[in-house]
Amino acid sequence: MPAWTLEQVAQHNTSKSCWVIIQNNVYDVTEFLPEHPGGPKIILKYAGRDATAAYEPIHPPDALEKNLPLSKHLGPISAQATQILTSSQQNKRKTKDEQRVEEVAGRKPPLQRILSLRDIEVVARRTLSSKAKAYYTSAADDEIAYDENARAFARFFFNARVMRPVARCDPSTHILGFKSSIPVFVSGAALAKLGHPDGKYSTKYYAAQITAHSGEANITKGAAQTGIIQMVSSNASLSYSSIMEAAAPKQTVFFQLYKHRKDSIAEERIREVDRLGYKAIFLTVDAIVAGNRERDIRNPWEAEDEEKGSPTYWSEAEAPQEVDGMGTAGALIANDDRDMTWEKTIPWLRSVTKLPIVIKGIQCVEDAVLAAEAGVDGILLSNHGGRQLEYSMPPLEVLYKLRQQHPEVFHKLEVYIDGGVYRGTDVVKALCLGAKAVGLGRSFLYAQSVYGVVGVVKLVQILRREIITAMRLLGAASVDDLCPGMVERVDWQPRLPAKL
Amino acid sequence: MPAWTLEQVAQHNTSKSCWVIIQNNVYDVTEFLPEHPGGPKIILKYAGRDATAAYEPIHPPDALEKNLPLSKHLGPISAQATQILTSSQQNKRKTKDEQRVEEVAGRKPPLQRILSLRDIEVVARRTLSSKAKAYYTSAADDEIAYDENARAFARFFFNARVMRPVARCDPSTHILGFKSSIPVFVSGAALAKLGHPDGKYSTKYYAAQITAHSGEANITKGAAQTGIIQMVSSNASLSYSSIMEAAAPKQTVFFQLYKHRKDSIAEERIREVDRLGYKAIFLTVDAIVAGNRERDIRNPWEAEDEEKGSPTYWSEAEAPQEVDGMGTAGALIANDDRDMTWEKTIPWLRSVTKLPIVIKGIQCVEDAVLAAEAGVDGILLSNHGGRQLEYSMPPLEVLYKLRQQHPEVFHKLEVYIDGGVYRGTDVVKALCLGAKAVGLGRSFLYAQSVYGVVGVVKLVQILRREIITAMRLLGAASVDDLCPGMVERVDWQPRLPAKL
Amino acid sequence: MPAWTLEQVAQHNTSKSCWVIIQNNVYDVTEFLPEHPGGPKIILKYAGRDATAAYEPIHPPDALEKNLPLSKHLGPISAQATQILTSSQQNKRKTKDEQRVEEVAGRKPPLQRILSLRDIEVVARRTLSSKAKAYYTSAADDEIAYDENARAFARFFFNARVMRPVARCDPSTHILGFKSSIPVFVSGAALAKLGHPDGKYSTKYYAAQITAHSGEANITKGAAQTGIIQMVSSNASLSYSSIMEAAAPKQTVFFQLYKHRKDSIAEERIREVDRLGYKAIFLTVDAIVAGNRERDIRNPWEAEDEEKGSPTYWSEAEAPQEVDGMGTAGALIANDDRDMTWEKTIPWLRSVTKLPIVIKGIQCVEDAVLAAEAGVDGILLSNHGGRQLEYSMPPLEVLYKLRQQHPEVFHKLEVYIDGGVYRGTDVVKALCLGAKAVGLGRSFLYAQSVYGVVGVVKLVQILRREIITAMRLLGAASVDDLCPGMVERVDWQPRLPAKL
Amino acid sequence: MPAWTLEQVAQHNTSKSCWVIIQNNVYDVTEFLPEHPGGPKIILKYAGRDATAAYEPIHPPDALEKNLPLSKHLGPISAQATQILTSSQQNKRKTKDEQRVEEVAGRKPPLQRILSLRDIEVVARRTLSSKAKAYYTSAADDEIAYDENARAFARFFFNARVMRPVARCDPSTHILGFKSSIPVFVSGAALAKLGHPDGKYSTKYYAAQITAHSGEANITKGAAQTGIIQMVSSNASLSYSSIMEAAAPKQTVFFQLYKHRKDSIAEERIREVDRLGYKAIFLTVDAIVAGNRERDIRNPWEAEDEEKGSPTYWSEAEAPQEVDGMGTAGALIANDDRDMTWEKTIPWLRSVTKLPIVIKGIQCVEDAVLAAEAGVDGILLSNHGGRQLEYSMPPLEVLYKLRQQHPEVFHKLEVYIDGGVYRGTDVVKALCLGAKAVGLGRSFLYAQSVYGVVGVVKLVQILRREIITAMRLLGAASVDDLCPGMVERVDWQPRLPAKL
């Protein structure tokens, strides 16, 4: 197989014959176009050209192998072509956003000055690329569900107990039987590489932390160092195997399953992660279609306007046309199963794997009861961080009602919760109400994006310190001491810090 | 009949003999002065002069024929007079507001970048003439009822159901037996031409959309293209017949009746729209007198101040005098029936027409029950978009209480709701609580004002996408799947985006 | 009696012998010093000097006759002395605040542009002297009670009734048997002259309205023109007789009694107003000591700082000392009765006058019941406009609870309410809950201060229009149609316009 | 013992041999290093050098004697060394914060213009050193508990009673049998010297107030002058004996005990204060570990950045490391007892002292009941001013629930409350609900910091005036007249002044 010239590739620039270059290799994606989850249009933009920069941060490295038959891997470009692309990449004018990111990267506060998860988020919002920030922070519609997830915690106050021995205080617990140093886990979140693509803007120390596996692997390593469990998304930007390679021996990792509409493809995915050593399946049920994340959808337009220095106005030549505006989220789940049912899907899943099954995305008491009846091992009360159904009930409120109306559910399966968690007190409140553990998604993305592995470690250290302080001041020496009587839902809404 | 000179007309410039020129024709309105709904004063301002610019945007073209005996139509002005008026019109210095409108018209964002109804409203508020903006946006007193209509929706959260098959999801419904592609209709709103008078500030593309029938007709055409139903106001700025001319064959159009105090005049109006093919009568009962819309009343003063460049101060010569300050709204309904009753008005209406009758403006549970007893076909829970009685209970709260206290009403007639609707989730919440469909008024005015027919189409497309997304994420494959258990009234008030 | 020279007067400038000049007459106030309600200090500041400017705006003209034995009226100063004082007055440098007031006086918006009571208040706050503004607007402590009075109204929404005949709508009522054109009266408020001292800043038209009796008399005349009832404060800045002189024949005027600690002095005052034709006694019971009105207390310091152009800082020579900080309010009521009781005071009052007796300042349900048992003719639910006890329950909430818990009270006496009323809807809400009429205090002060008599007339016209509109849209043709079912207390707090 | 030279001392600058100079005396602290509550690091920073400036404001003068064996007191430095240090101190460049403090010190408003506790706090926040401000104002996490303590008071409104004799009104009470002029006491608060270290920035008058015993002693003297009771913290910056020396004869002073983990050390401390004449022991139970006070922890970094004129950024050389970030609070309580129990600690305390025992830091109804069962003399409902457990229930809410659920507790022991008190009305509300007295901590620190003894006196005068006014307007002539019916918890949250 001879090496391709750029001119040869350039001739295949239509939907009839569409080739692209990715990492100096040529691929014929003509037949793949209609199957691409993100739609053919975005690929055709790069037809006959180098697509590496657009492809890399949002696809796992094995995406091509998994989705494109080997016969369509047409081989490398020529050395001269490689040189041209490299030099062109180097000479490429940086966008204003790239310049900004580069400029602020050297101005991060030292990790020692990071006191809270909010501190981490503030730095992340200042230093992330606009694309990563838009994807990570966006939520559905007007972001009410997102905001209310956090505000719900503020309506629960403590009835703290005093005069109890707490000199020794142990915040550890077990999740599905696996040890966790604190009752916190990494909730699945897609595209970690988007925030932490490589080391080019990093200081020397920071760069030293980065291995071939950045993105999700940063979280994997930080979780190993701190003894907590990571749930890896189906839409991770690293391959499932490379994440496991980054894991420590015997490290517990869970898998968040986005079920493909074709059972066979879904089964293949499950068998792969089972084989790789993932320890549980979190079946995602709250994201069968993409939420309306306007911040994410608007981002490319705003980037374009910033580049131009002026907004795009109504142009005379322009004919209105329907735009589907799916954003990044829509592309990721375009092929997911929208017809799952308790009767069909759970038995099928049990037939495919022996791993524990957790339903991720339970949003009301009724479905928690159904899940218990369906015999799953756990439920994660979650509205996807407010990214899916706007005005979905805050998970903490669902947990509170579940505790009041169906306390027996907590004996039948493990109940987790995620969304809106910023503080150790938030975690402790959820545990008082019966949660076994609490998941965080965005915070881990922010931490690894800004500070890499040590950022993840720092995040867990902060939570650990806050959880222990809260437990001691609450009169609890272990998680078993936390009980419903220690929290009380109040009938007013405290003043909270401004929304970030 | 000879053509009139400007000098001849100019002699009739008093209340004793008052002539005006409208579209190059002369009318003797002397006897009409006391009957003019907007009062004689505004007409006398133009006595003996050309009144076209003031007359046109707020009157339907057939207003003169309907209200003025043919004997008072005195015939055309002379060619020379026409030329003078035209040239004078062309040479007229533009007001600052006209200049502003012209300037911003070229800076509208392209329709593709419009993601939400709020986006449309933002653009409209920036690009409308101050008069149109004041009339469209104004609401009663301190605009509390207006604001609370929308805020009420934010107190209803979803109990979303998962694991239900929703790959196929159909948001269509029937309203009074007529098919609607989504459970949304255009609620009657007056004076659409005010926002979209003609094409002079438009881009080429936009201008091409404008036919002889702009204003309400834009909405009619957009409704036809998207399969929804329009309710046309008695106070439309186009004649009822010209709106029907703009309609597609078999397109369903409803009529919003402002009942004249004289039954005979009201009957004539009903028979006309019945004849024209309107399919239902929405009898307006919440606007028997004008609400106190200060924004609308203040507008001419502010416009005057802006023109002068300084506010008007207390002047020594000035003697205080009572000003009725009715605003545009007051003028429109000055002759409406303020003595309607269930016992008298409904039987009369039934005697006049076979069309379905809906009561528009029910504001409490008790009247909903009375309406069911009176045997009407539907009720529209509405407080006129907060434009009439300040502190009128938000329609969604009325709907919620009606559902709880009198669920049987929903079996006796169809219940609709309007006011404060911005999102697909709002529509879905109302349907969960028992509403058959949801009306929007201002949003359609904004959409047609800014983008014409395609703006109306876009608005419906946005709502359709949002409704389907919400239904799927809620576990509903059709509107019949939506039920009260899916929404829950919460005891806190979420943080909402800033008031526009 | 010879005319005094300034030198002669100047020798009596100590507490041993203290003379002051007021309106070119000399008074020996040595023995009066300890009795002065405002304390001796403020008088001694003017000992041996002309005190007219300080005395006039806060004392009724007959204050000297009533409080100082004739023997202490020492007679006029000499013609030359008069000339010196006049010329000195004319040459006096204006304070910055006087300059500001003079400057803005010519920039008031014309009365026709005043649409609401809020509009009037906005103008008043801009145009009043800082002293008048501080006295009128100030309220207790952090002004929570003041603010909550108004915010309470916003928690009551209407259940509006439709299809009721309201073409004829009559908002008139009777208060203690006296006709009132609308269910609104002027609640007693002190020191009206402070805001409207004379005509020097007025336009010609405005000046023409001003007679010898400005201040409270402006309100008297405006009330006469509009058919409402005024309650005159014991602390009016005009004498009770001169107010009655300003009244129209048969005009109803009530009297607000601040009871002196000496029954004999109080009795004398009651007999005087009875004789003058006042028609009822409103006994003030919520102001036995002055509330803590910091805005009022701070005003002279801020005025002083403004004059100097810099704030006063801690000075080395300064020895800390207790300052009583009574403000204007403290001075006015220093001699009032702090030991009134139901058992003692009501029978005494009945023994002194045959006039109807109303208790002004009832702040809880229990005392409303006690008042009914004590057989008084009416109660005014009021917390003195939030000027007295901070966190006193908003009157509307007291009214609401009284209606629910003791509806029989409304049959035993008439119930009124004041505090926080800005709109016709506020008035109508109170009437729905059982109030016979609603009082306004500050708004009338603002109106007469800014626009004189015509301002008062305008205020009533606005309220009348708003009340009728609200009644019609609510389905009420007369005040008797207003009933509790038409309002509903909601469990949320609407967004209100910013505090003025 | 010869006098040491600076050179000699300088040789002992390691953890092997660590000497420091404090007030011109040399101490060998080598063996003390591991026992230092604030950790060895902060001492080592001054090893071989003068540590006076860092030591003095946060340690009582007898700290060295109490904690360091006499054998480690190595004696004075030489006269020449003293001269060098003095001159070096004098020539030391002032930090920007010191310059700011010095500059604003001369611009304090005169005490007469201070009308409220809020006024005092405003001045304090402007004039304190950044270190003192950070320590005094900081609270846990996001300062929600701190903020809610105050906001809770705003949800309680008065049902004021009228027509009750209140000319004579006595606000005095007894606390644990000791007379108090008003129902207010000084709640224990550490490190008063931090805000009021000496007289160097003061005016002449102010300086004259300062004796050898500033800090806590200012409060002691102010309390004596006004007849209220001070509770002195274990962590006072003056020795317990010197505070008692500042006290007037027979003045009542209480002691706030932070119990050392070693009973013997704790016992020694109790016996000392008993001997010194302290009249009660307030055992602190809500601060067994330090709360997370980020404002306090951040302060040195911000000071450092301000000095440099730029923030510290991520540096290449910097290796992330765990920082414990205890802040000032952590250091103070590092050796406190974290294993106290009702069964063990109360009997032990009773065995050690005959003084009345009050538990400070009860945060829920259940523990109030347990305290009554344990037979203590009183409980102080407190969450440590929001400085310890974030989201600890506001004390006023705990008081309210205790009153409703366990009214018998108020007969078994005295109940106090602190946290969030700014106004006389706050005090009166707590008394209505059953509190015997109300504690204030920060306000006294602010008052003594800014104005010394006279500031403390002023603060009590303000509260006294406000309490009497509130009592009179509420219809109460003595504290015994205050009863639960006079307050009512409302279901809305008033608008409060902005957070300071």
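For clarity, chains are labelled A, B, C and D in written order, and residue numbers in each chain start from 1.
Definition applied: a residue touches a chain if its C-beta (ideal position, glycine included) is under 8 Å from a C-beta of that chain, and two chains touch if they have at least 3 such contacts.
The shown structure was predicted, so the numbers you read here are calculated from the model rather than taken from an experiment.
Chain C and chain D touch with mostly distinct residues; of the residue numbers seen at this interface, under half occur in both copies. Fitting chain B to chain C on Cα positions gives a rotation angle of 90°, stated in steps of 5. Using CA-based centroids throughout, the chain positioned farthest away from chain A is C. Inter-chain spacing, taken between the CA centroids of chain C and chain D, is 45 Å.
Averaged Cα coordinates give chain A a centre that lies 64 Å from the centre of chain C. Shown for chain C are the residues in touch with two or more other chains, namely 491, 493.
Contacts from chain D toward chain C in the complex involve residues 106-113, 115-116, 118, 154, 156-167, 203-206, 423, 425, 429, 451, 454, 457-458, 461, 465-466, 469-470, 472-474, 485, 488, 490-497. Interface residues of chain C facing chain D in the complex, by the touch rule stated above, are 141-142, 144, 147-148, 151, 155, 261, 285-286, 288-292, 294, 297-298, 301, 311-323, 325, 338-342, 345, 359, 361-367, 370, 383, 388-394, 397, 491, 493, 499.
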